[in-house]
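Chain IDs A, B, C, D, E, F, G and H follow the sequence of writing; residue 1 opens each chain.
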Amino acid sequence: MRIIVNGESHDTDAGTVSAVLAELGLDGAIVATALNGEFVPKSRRPETVVAEGDHLDVLAPMQGG
Amino acid sequence: MRIIVNGESHDTDAGTVSAVLAELGLDGAIVATALNGEFVPKSRRPETVVAEGDHLDVLAPMQGG
Amino acid sequence: MRIIVNGESHDTDAGTVSAVLAELGLDGAIVATALNGEFVPKSRRPETVVAEGDHLDVLAPMQGG
Amino acid sequence: MRIIVNGESHDTDAGTVSAVLAELGLDGAIVATALNGEFVPKSRRPETVVAEGDHLDVLAPMQGG
Amino acid sequence: MVTFYGVELGSRLILGTARYPSPAMLVEAIRASGAEVVTVSLRRESGGERAGQAFWSLIASLGVRVLPNTAGCRTVKEAVTTAQMAREVFDTTWIKLEVIGEDDTLQPDVFGLVDAARILTAEGFDVFPYTTEDLVVADRLIDAGCRVLMPWGAPIGSGKGLNNPFGLRALRAHFPDIPLVVDAGIGLPSHAAHAMELGYDAVLLNTAVAEASDPVRMAAAFAKAVDAGAIAYAAGPMEPRDMAMPSTPLAGMAVLS
Amino acid sequence: MVTFYGVELGSRLILGTARYPSPAMLVEAIRASGAEVVTVSLRRESGGERAGQAFWSLIASLGVRVLPNTAGCRTVKEAVTTAQMAREVFDTTWIKLEVIGEDDTLQPDVFGLVDAARILTAEGFDVFPYTTEDLVVADRLIDAGCRVLMPWGAPIGSGKGLNNPFGLRALRAHFPDIPLVVDAGIGLPSHAAHAMELGYDAVLLNTAVAEASDPVRMAAAFAKAVDAGAIAYAAGPMEPRDMAMPSTPLAGMAVLS
Amino acid sequence: MVTFYGVELGSRLILGTARYPSPAMLVEAIRASGAEVVTVSLRRESGGERAGQAFWSLIASLGVRVLPNTAGCRTVKEAVTTAQMAREVFDTTWIKLEVIGEDDTLQPDVFGLVDAARILTAEGFDVFPYTTEDLVVADRLIDAGCRVLMPWGAPIGSGKGLNNPFGLRALRAHFPDIPLVVDAGIGLPSHAAHAMELGYDAVLLNTAVAEASDPVRMAAAFAKAVDAGAIAYAAGPMEPRDMAMPSTPLAGMAVLS
Amino acid sequence: MVTFYGVELGSRLILGTARYPSPAMLVEAIRASGAEVVTVSLRRESGGERAGQAFWSLIASLGVRVLPNTAGCRTVKEAVTTAQMAREVFDTTWIKLEVIGEDDTLQPDVFGLVDAARILTAEGFDVFPYTTEDLVVADRLIDAGCRVLMPWGAPIGSGKGLNNPFGLRALRAHFPDIPLVVDAGIGLPSHAAHAMELGYDAVLLNTAVAEASDPVRMAAAFAKAVDAGAIAYAAGPMEPRDMAMPSTPLAGMAVLS
């Protein structure tokens, strides 16, 4: 199915946020996730289902003022 | 009965806002009235009943910045 | 002979400041004169002799701040 | 005779700046001297004669901004 | 010429009516100021004094437009009720909306201000909000229906002038089409001229005139200063230069030494 | 009303005549400014152009008093000779004495200035020295016979306004009886009003008017600003307050909530 | 010593981590600043670059406390979700809350700010709100549970310093017991010292260090300036005087002329 | 590192020794300031008190260099004689040359200053003239042999800071190679930092430290502020911007709403 990851279209067979992260090679990474604008805590990523057209944001630490 | 007019206790037999103004000698005056914090338009003064303990404010034009 | 008028070399047969002004077509003009840095009043122009190499300044009114 | 030391009248038998300093108990002190407004270097105090009515200033280090 | 809620005015000075040495002085000052709009207020009237009646007949005789205020109101409800009463008494939809949030600086409560502005515009008032230079608050007030904004220059009655020219300049830049009035804090004509040079449409002041040694002459001074600033803004001021430039051309200078 | 060397003037604005887009614009600007005194200069005249003759007939037609300057002079001798020539050409004992000490800021050479002032007053000139806010220099100039002082606000043509209000205020305080004119650096009407609010007697400017997009309107703006500041100074401004004071009395406020 | 939400800090300088020429320069600048708290942000991570991972290991190695921001958020929801994500990633309850209301000046949206602050404090966050000098907004933020306030000095990245010292002073006077941090707009050490002399508890800056020609030395300069201002405030500065006083006693002066 | 007449100094702060609550406090303040040069004076000594002897042994014990002043002198002769006496007593060719021209503002008499400077340099003194920001006076002082200039920031003891930053900046720009010291008027560390950020080489102050509630801590504050400003000047500050720039890059921002 097609979802939007960090604003870009992404083809995936993964069913959960955790699985998508794994696909992205970010499973080990220090990141935070939000699905359709709602924060998804790390603990809930395995059980959080991703559906067609969902927007997933994967954010990591960055410089800031 | 006792009502509060412009913050001061006032004994009255008047039953309406109009009647109270007359008592105060302000019936002809250019004033605006509020009963218990609600504006009472001139047109509605005759029918607006004043009850024991009501707060009546009678305001007139004044210098302002 | 050669003199310097307003910073520029000038050939003249005139012997006085008045005569030089006449040559320049400025005899009637509203100007003030200085010879070698000294003010020459209008009244003294006829008797003020101009010599080879002298510097004559002829100034007129101008915009100023 | 009478001289003025630091603005105040002073009776003295001393004939030189050095002698006056000694009288004042300032011979050992770190001071500079001026007689009638002229600086008198330390080396010249013994030979510098004080006369009736002279003004002697004896200055020492002080706080300054 | 400035336009507030469809009303064209020749004078860009709005004058307050409080704190004058005498009613006569007030009248003279208003005349000297050339103001076409003066601010007024509402206060409790007692049958005995009837001070308000006397004041009102005085103002009514001047043929100026009045802008009633809600001075001293600290809540939305107070401000709204005061505005409703003012509309009846002064027979105008114009209201200078003050919702005071802090007693020392008398600064606006921008939260209450926006709420009250929304209610009053819905009731058909033409709201002149006394606000800060905050751009976001300005946006909210315009959303609420305000078509004039009156940011403060400095605290009411302080006479300090323009405490934040940068903020006032940014407000002007972001709202080129909304009439902007510097309200409060102005102490000297040069402050008023400065506000107008920033591109403001008008100035509202009271204490600087009323508490001058000679209020009438001071009113005249402010009238001139406001004109001066407005004309200068329209006339396109020179750009300041950091290094000096001779104002007298040096070409053709004599060499006299 | 200000008096320079016994001459009473109604206008407190002295206007320069340089740098205008056209002679016509210059004439209109002078008229709009209400100035009764304009500054002029002397430059080399060529028989061909005779530019000076044309300029002079223009100015002569306006019926204003002229204040010739010694602009660009860098030595006492240059300044003195220029003043002598100016007196003859313009038939006035008035001279705006400039002895420039530095090319970028065009600041006065206060040493040369005092020497030239002494020579010229001895020769019967009425000297208007372009000086700094230095109190000691002011003293020397007065000793030299100057009865007007013209401290700069900022470098000539910079339009920066008053770079040192403290110094200008101190100068006013120390010489209460000498006419003081802020000369140079003024860019906006609010600067001119500020100078007058400090108690100055007049303002001299040129570039701020001549280089405005619309010099004529800007001249009118400055006329109003100078009046405004002068009237305000006479009218006794309020004292600024650090903490706010309500301009609307709170006594008798309604309690509506 | 300043305390934010129960955490005592020796340094009163909070440093941003953005816009440095290189990561190495960033690390050196943080060390030179002596900052014990640095601000960080969250951005989208791609599997390829993993830029965030590298940055984070860099910061983690420094042993400084991080203050994550919600920079660029324009709505309450964005800010709240970003804060929630930041808490998980950075493992801290501290959040620098930015709700931007205007793109050019990047000024706070004080309405969204208060709402977001209320939500986040309810969720257990320690909120550091980026706000204005508005006293009423400050009241609302404190009601919402904020125990630190961070008013701007000037627009983010402008380097203009303190645009409204009067407002900042009033804020300090009205909230003597709340830690106050000037956040944004500071361009020079003298600006930072000035903020501290006003009685502020700390200063947060980024661009002034990151965009200096030599960020590391500039970081050291700000460290000293912040200390200087804080010490001066505690040491009780002299009162400025309008007229001069001799600093050298004149008693006992010689008379040598 | 700054060099005055061939003497390299690590500290850019010169401290006055007058007006301290006690000699002990003076000693501590000097130590806390890190100053390597302190100013001293000469006054009449009486055989009884011998106050000067005590003071001198105190200073001598600190191992700092002294800069004697001619404070209070109003004529060239007074200043020259005082300088001659100071050279003998303090055994130094350094002299802070003050020729005071006006009693209230204690401003320099620039005429007497230049004359005295010429005489003293001819006698082998290293003159540190207390002057104004006047560029032409600066030129004359350099012609007279001065290799350091000390323009005032504001009147001595006023604590007003820098009354004319434009003038001080121009002085720096025109004399890039002469050590410049802001002497007098500084009241707060931010003033001192500002002076150094303008590119000045050092700051001389007294009252701001001596009359602080805690002179010793204030001395430490100024030491840091002077360093901060000097380092910042060398580190190349950012250019201030009129419009705001985000300090956090927006690229890669999440869209969470």
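Following the convention adopted for this analysis, contacts are C-beta pairs under 8 Å (C-beta built on N, C-alpha and C of every residue); 3 or more make two chains touch, one makes a residue touch a chain.
Computed from a prediction, not measured in an experiment: that's the story for all the values here.
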item: Where chain E and chain F overlap in contact partners, by chain label; value: B, C
item: Topological distance between chain B and chain F, in contact steps; value: 1
item: A-G compared against D-G, more contacting pairs; value: A-G
item: Most distant chain from chain E, judged by the mean position of its C-alpha atoms; value: D
item: Intercentroid distance (Cα basis), chain F paired with chain C, Å; value: 32
item: CA centroid of chain A to CA centroid of chain H, Å; value: 62
item: Chain centre separation (chain D, chain E; CA means) in Å; value: 71
item: Shared-contact residues (touching 2 or more other chains) in chain F; value: 16, 18-19, 41-44, 69, 71, 77, 81-82, 104-105, 107, 156-157, 160, 184, 206-207, 246-249, 252, 254, 256-257
item: Set of chain C residues in contact with two or more other chains; value: 6-7, 34, 37, 57, 59, 62-65
item: Pairwise chain contacts under the document criterion; value: A-G, A-H, B-E, B-F, C-E, C-F, D-G, D-H, E-F, E-G, F-H, G-H
item: Footprint of chain H on chain A - complex, ascending; value: 6-7, 34, 37, 55, 57, 59, 62-65
item: Residues of chain F touching chain H in the complex; value: 101-102, 104-105, 107-111, 114, 132, 134-137, 139-140, 154, 160, 163-164, 166-167, 170, 174
item: Contact set on chain G toward chain A in their complex; value: 16-20, 26, 39-47, 50-53, 55-56, 59, 68-69, 71, 77, 81-82, 84-86, 88-90, 156-157, 206-207
item: Chain G - residues contacting chain D, complex; value: 246-249, 252, 254-257
item: Contacting residues of chain B [partner chain E, same complex]; value: 6-7, 24-26, 29-34, 37-39, 41-42, 57-65
